[in-house]
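Dropping a structure here in structure tokens format, bear with me for questions.
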Amino acid sequence: MATMRLPSGTYHQTYQQDQAWWQTRFVWLRMIGLLFILLVFIPLWMPVLFPDIGLYVVSVANLIGYTILSAMGVQLLIGYAGQLTLGHSAFIAVGGYTSAICMLMFGIPYPITIILAALTAGLWSMLFGLPSVRVKGYYLIMTTMAAQFITVDFIITQYVAQIGGRGQAFSIPPGTITFGPIEIDNDIKVYYLMIALVIACMVFVGNLLRTRVGRAWLAIRDNDIAAEVLGVNVVRYKLAAYFVGGALGGIAGSFWITSIYAVSPEHFTWSWSLWVVGVILIGGVGSLYGTVFGAMFMTLVPEILRFAVAPLQPVFPQLMTNFQFLKESVFGLSIVLFLLYEPKGLAYRWWQIKNYLHLWPFSY
Amino acid sequence: MDIFLQLIITGFMVGSIYALVALGWTLIYKSSGVLNLAMGELTLIGAYVSYTFYMWKIPFPLAVVFTLIIGVILGLLTERIFLRPLIGEPTLTVIMVTVGLSFFFRGLIFLFFNTDTLVFTPPVFPSEPVRLGNVVIGQVYIWSFIAALVLLAVFVIFFQRTRWGLAIQATADDEMAALSLGVSAKFVYAAAWAIAFMAAGVGGTLLGNINGINISIGYLGLLVLPAVVIGGLNSVPGAIVGGIIIGVLQNLAGGYLDPLTIAGFKVFPGGVKDIFPYVVMTIMLLVKPYGLWGWIRIERV
Amino acid sequence: MDTNGSILKLNNIEVMYHEVILVLKGVSLQVPAQSIVAVLGANGAGKSTTLKAISGLLKHEDGAVTDGSIEFMGQRIDRKHAEEIARAGIVQVIEGRRVFEHLTVEQNLIVGAHLRGGATVKPGLERVYHYFPRLTQIRHRLAGFCSGGEQQMMVMGRALMASPKLLLLDEPSMGLAPLLIKEIFTIITQLNQREQLPILVVEQNAKLALTVASYAYVLETGRVVMDGNADQLRDNQDIKEFYLGLTDLGTRKSFRDVKHYKRRKRWLT
Amino acid sequence: MPDHDDGVQLQVQNVYMAFGGVGALKGIHLRVRQGEIFSIIGPNGAGKTVMLNCISGLYKPQRGKILFEGKDITSLRPYQRARLGFSRTFQKIELFRGMTVLDNIRLGRHLHLHANLWSGGLYFGRAEREEIANREFIEREIIDLLEITHIRNQVVGMLPYGLQKRVELARALALQPRLLILDEPMAGLTLEEVEDMARFILDVNEDPKWRVTCILVEHDMGVVMDISHQVAVLNFGEKIADGKPDEIQRDERVHHAYLGEKEDLYVTRR
């Protein structure tokens, strides 16, 4: 994406200023405002001001956060390193199970299990990244799909999920997940955890992208031959991308177990893998903001659909029973239409609007 | 030994149906480069459509013909409405559109038919099995096998002999050169989708006769992917051989590995049958990155 | 040049790629009936683009004719699709010997007759094998396994199968051995003389092109900078210098001397 | 050629390469001396680009050896050769089209930076200092030298062809190479751009700060004959001549192999 034009009157005297993230005071103010909304308004004031829907909003925000975390690794792999993947749920699952097993069986504190989950998922992802050394494009899609089916539908379902001995469910008793002295037992605490993780991951990935590691990924994505000639060890950086992508998935999985009572393979289906790819496509491939926009779109549309259908229920009683199918088909259609009419994603549109407002009212 | 033979033969026959669906898939990929993840749903549609016709007391052969016709119409519509505007978009976008389509189709199907298993009643094929020595084969399998073979033959002749068959292959080889000779790429894409819908429709109908119609037929689309990859994405004979290989291997895995207990230790508690094609495919790709007969792209700079 | 009796006329056309990059900045040229016309110029001067604008293949590469018009036998064709233009009788042999690798030689030729229907296949094949006897021996070989010269013959034969009224040839000599180039150009002359087939040929090899063509245009960065009868051009001083390299090196300024000042001289603009 | 080894930087020994049975290179020997401009010429399809790809490691020759400063590098991957100081441009521009000019050049600096997953992710501190020092180097040494100051923040894909060629050279130079491989740098340029390009090549070749050895494949005989120290002529995968530019211009076999007549040597010129 092209660089944003600076407002006139702003000059840079050092390269440090020129390479900084928030380049004007206005941007600073805006970011602080955003942080206020995220940290104070939504979790603390919303439930008080709007008791009816406040907590619901927080729980939807948590779902959005989970989607962002899930999609971030996919964004890194597809959007930045150019490695198509349709099996990311596998690594989210590895993260979730690692966290759960470490806490329940070894009594390791939750914050540490997040790190362990990231490492395990990262390494597991690297294992399935190995074929990328030899195969490209569509064949790579197939091996990532294999990662999904082999990991979730076979290893986890048949072996890992049996450890607890109670069928496939791996229940997490209340009070298991603690962050130091704080027990994470309600949506608002989950929300704060979510915000912390999302910001940490975004800053980490954003930073990586402006150093040589990130540029090497972009180079591999755009033109791997030229990248190799410039001295980029393509194999190593591809595997590094798989590691970081998988680790982000692991963090997502580790986070998600705070919101559910039992971990089971059904939480990490192939549909979720496809879903997160949809998130980055709709948000915008190769844009961190795009991941956020996409996650909001993909979470809010089904929620809105649910509200839209509710008033019709007395008239068509069978509608609610079939709602799942209706939702699925409307949702599928909306993805298709979105990609047909907005193929560059929401982030691109956002960038256009921003540039427009930036120059308004003198658009020259 | 008898069990082994039994498994091989059944696998071969089911595999021929996979081959049929894989062929439709390959065709779309070959001519327009679209990786179609909605193939399972196309198969489902075919199965439900022919079931509906059959339930309207239309004779089975005629019901199949009608299914083919509906397949052509749906194929043309799908290509025209959803895929054609995407020519020139990044491959991932196109793949995701097919994913969206698969959600859309699946949702619609279950909205109309619900998720219960439907069975062709009265059964189309006699349930009395045929005995070959000690091997027992249901007549459904034999007829399905024959039907699949006939259709495969028709497709192969179409590609080798007819004007449009050649044109489709030419477009797959070099779209620009084909265009320069007046071959309409749009028509080729539309034809590919129509044929894919037809192949999937017949495949779905046959599978529906074997096990009844439910969502499991939709998973066929996922089974077909390893089949075409093993054959090499853009090879017609590859799709056929790949389909049969997957059918046989899957049956063997189901028969011998699912579950497998060695010395009281459960090596495979179950579920091998479903993922086996993917394991084979991954190993295969590591050895031969372009499948058995896939085209190897030479990178030129 | 005589404007009547031309079957193809390009009037001051402009071509843009991706709606931003202007590649042709006003190109006019004409092809008289039954003649061979050559377009000369450097890499990237816009020769291939001109051919693609005529045959309609431009649209396929996200390019468009944004100004001017192209007329073929009195009809505007610049808005038409490649398929319609091919049906009208303009067939382009695109650069780089793009054969259908996974089809046999004969199947390649049959695809060429796609628009003309089954009845023309047999006489068409006979005609092609008459001009390119070498193809007869390899008719059942896969096109991908043929040599460069055979592939060039194949793509030209394939175009003939479409019974063209105007043949567009893009760099037929590229990458071929000198002997083969001679053979190909002899056949080009034969096709023109025996079948009265008009041919528009794009070539980097100016000398070769000027021996077979009767008229030629010189393209430089998207403009026609010179045109004339082939023998006139062969004697032209600038053509000699820039395309035939006939001046002796002593009088030409060396690129070493350019080094520390910028020469602003432009020729012919 | 007298056979002495002094100053030989790159040696190609009996390299053989075939694609699907068709020989593209049939036993080529080349010797490139430190600090010279070495041109490879020949008709299309003679194997020039294949030769360059073998030298830069994109293809591995089926027979023969390639030595760089006495060390056998035949089986090194391209990125390993980049560490030795190889850098190249491509016949069809292979830039990262969606990135800015600055980012393209930054990529050329990959080997001179050291951030890893961890320090890069944290950024502040080491990685930031490194990035800023790097930016200074690029601005001072590369952007200034190649006169592309005005376009440094533009997206490469939108630039005119001639400037893209220049950015590709900039990216190759950012590597601070010791051996620069240029595949048709003049193709498609206007005369003025050709002059600029020739000037830049001479600059990096002669300036004591750079002293880069250049291997050049080019069709523009004027440029080749004017700026090269050595010229090798390939024809159908075989080397038919090798020598100083004026020797090549007198060589009967070169004239013969190209088309048969003396003046035809310049047919390929622009």
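The first chain written gets the first letter, and so on, giving A, B, C and D; residue counts start at 1 in each chain.
Throughout what follows, contacts are C-beta pairs under 8 Å (C-beta built on N, C-alpha and C of every residue); 3 or more make two chains touch, one makes a residue touch a chain.
Since the structure is predicted, the reported quantities are computational estimates derived from the model, not experimental observations.
J.: Give me the set of chains touching subunit A intersected with the set touching subunit C.
T.: B, D
J.: Select, from A-D and C-D, the pair of chains that is joined by more C-beta pairs in contact.
T.: More contacting C-beta pairs are found at A-D.
J.: Which chain's C-alpha centroid is most distant from that of subunit A?
T.: In terms of C-alpha centroids, the chain at the greatest distance from subunit A is C.
J.: Counting in whole Å, what is the centre-to-centre distance of subunit B and subunit D, each centre being its mean C-alpha position?
T.: Those two chain centres are 49 Å apart.
J.: In angstrom, rounded to a whole number, how far apart do the mean CA points of subunit B and subunit C lie?
T.: 44
J.: Give, as an integer number of Å, the spacing between the C-alpha centres of subunit D and subunit C.
T.: Their C-alpha centroids are separated by 31 Å.
J.: By the touch rule stated above, which residues of subunit A touch at least two different other chains?
T.: Where subunit A meets two or more other chains at a single residue, that happens at 225.
J.: In subunit D, which residues are in touch with two or more of the other chains?
T.: Where subunit D meets two or more other chains at a single residue, that happens at 58, 90, 94.
J.: Return the residues of subunit B touching two or more other chains; collapse runs of consecutive numbers into ranges.
T.: Where subunit B meets two or more other chains at a single residue, that happens at 301.
J.: Sort out for me which residues of subunit C touch subunit D in the complex.
T.: My answer: residues 20-21, 42-45, 145, 147-148, 174-178, 204-208, 221, 242-246, 249, 252, 254-256, 258-260, 262-264, 266-267.
J.: Once bound in the complex, which stretches of subunit A touch subunit D?
T.: Counting only subunit A, the residues touching subunit D are 2-3, 14-16, 18-19, 204-205, 207-208, 210-216, 218-219, 222-223, 225-234, 240, 243-244, 286.
J.: In their shared complex, at which residues does subunit A touch subunit B?
T.: 78, 84, 131, 134-135, 137-139, 141-143, 145-146, 149-150, 153-154, 157-159, 162, 225, 274, 277-278, 281, 285, 322, 325-336, 339-340, 343
J.: Can you check the complex and tell me which residues of subunit D touch subunit A?
T.: Counting only subunit D, the residues touching subunit A are 56-58, 77-79, 82-83, 86-88, 90, 94-100, 103, 106-111, 113-117, 119-123, 127-128, 130-132, 135-136, 139, 153, 155, 171, 175.
J.: Looking at the complex, which residues from subunit B come into contact with subunit C?
T.: The touching residues are 88, 163, 166-167, 169-170, 172-184, 295.
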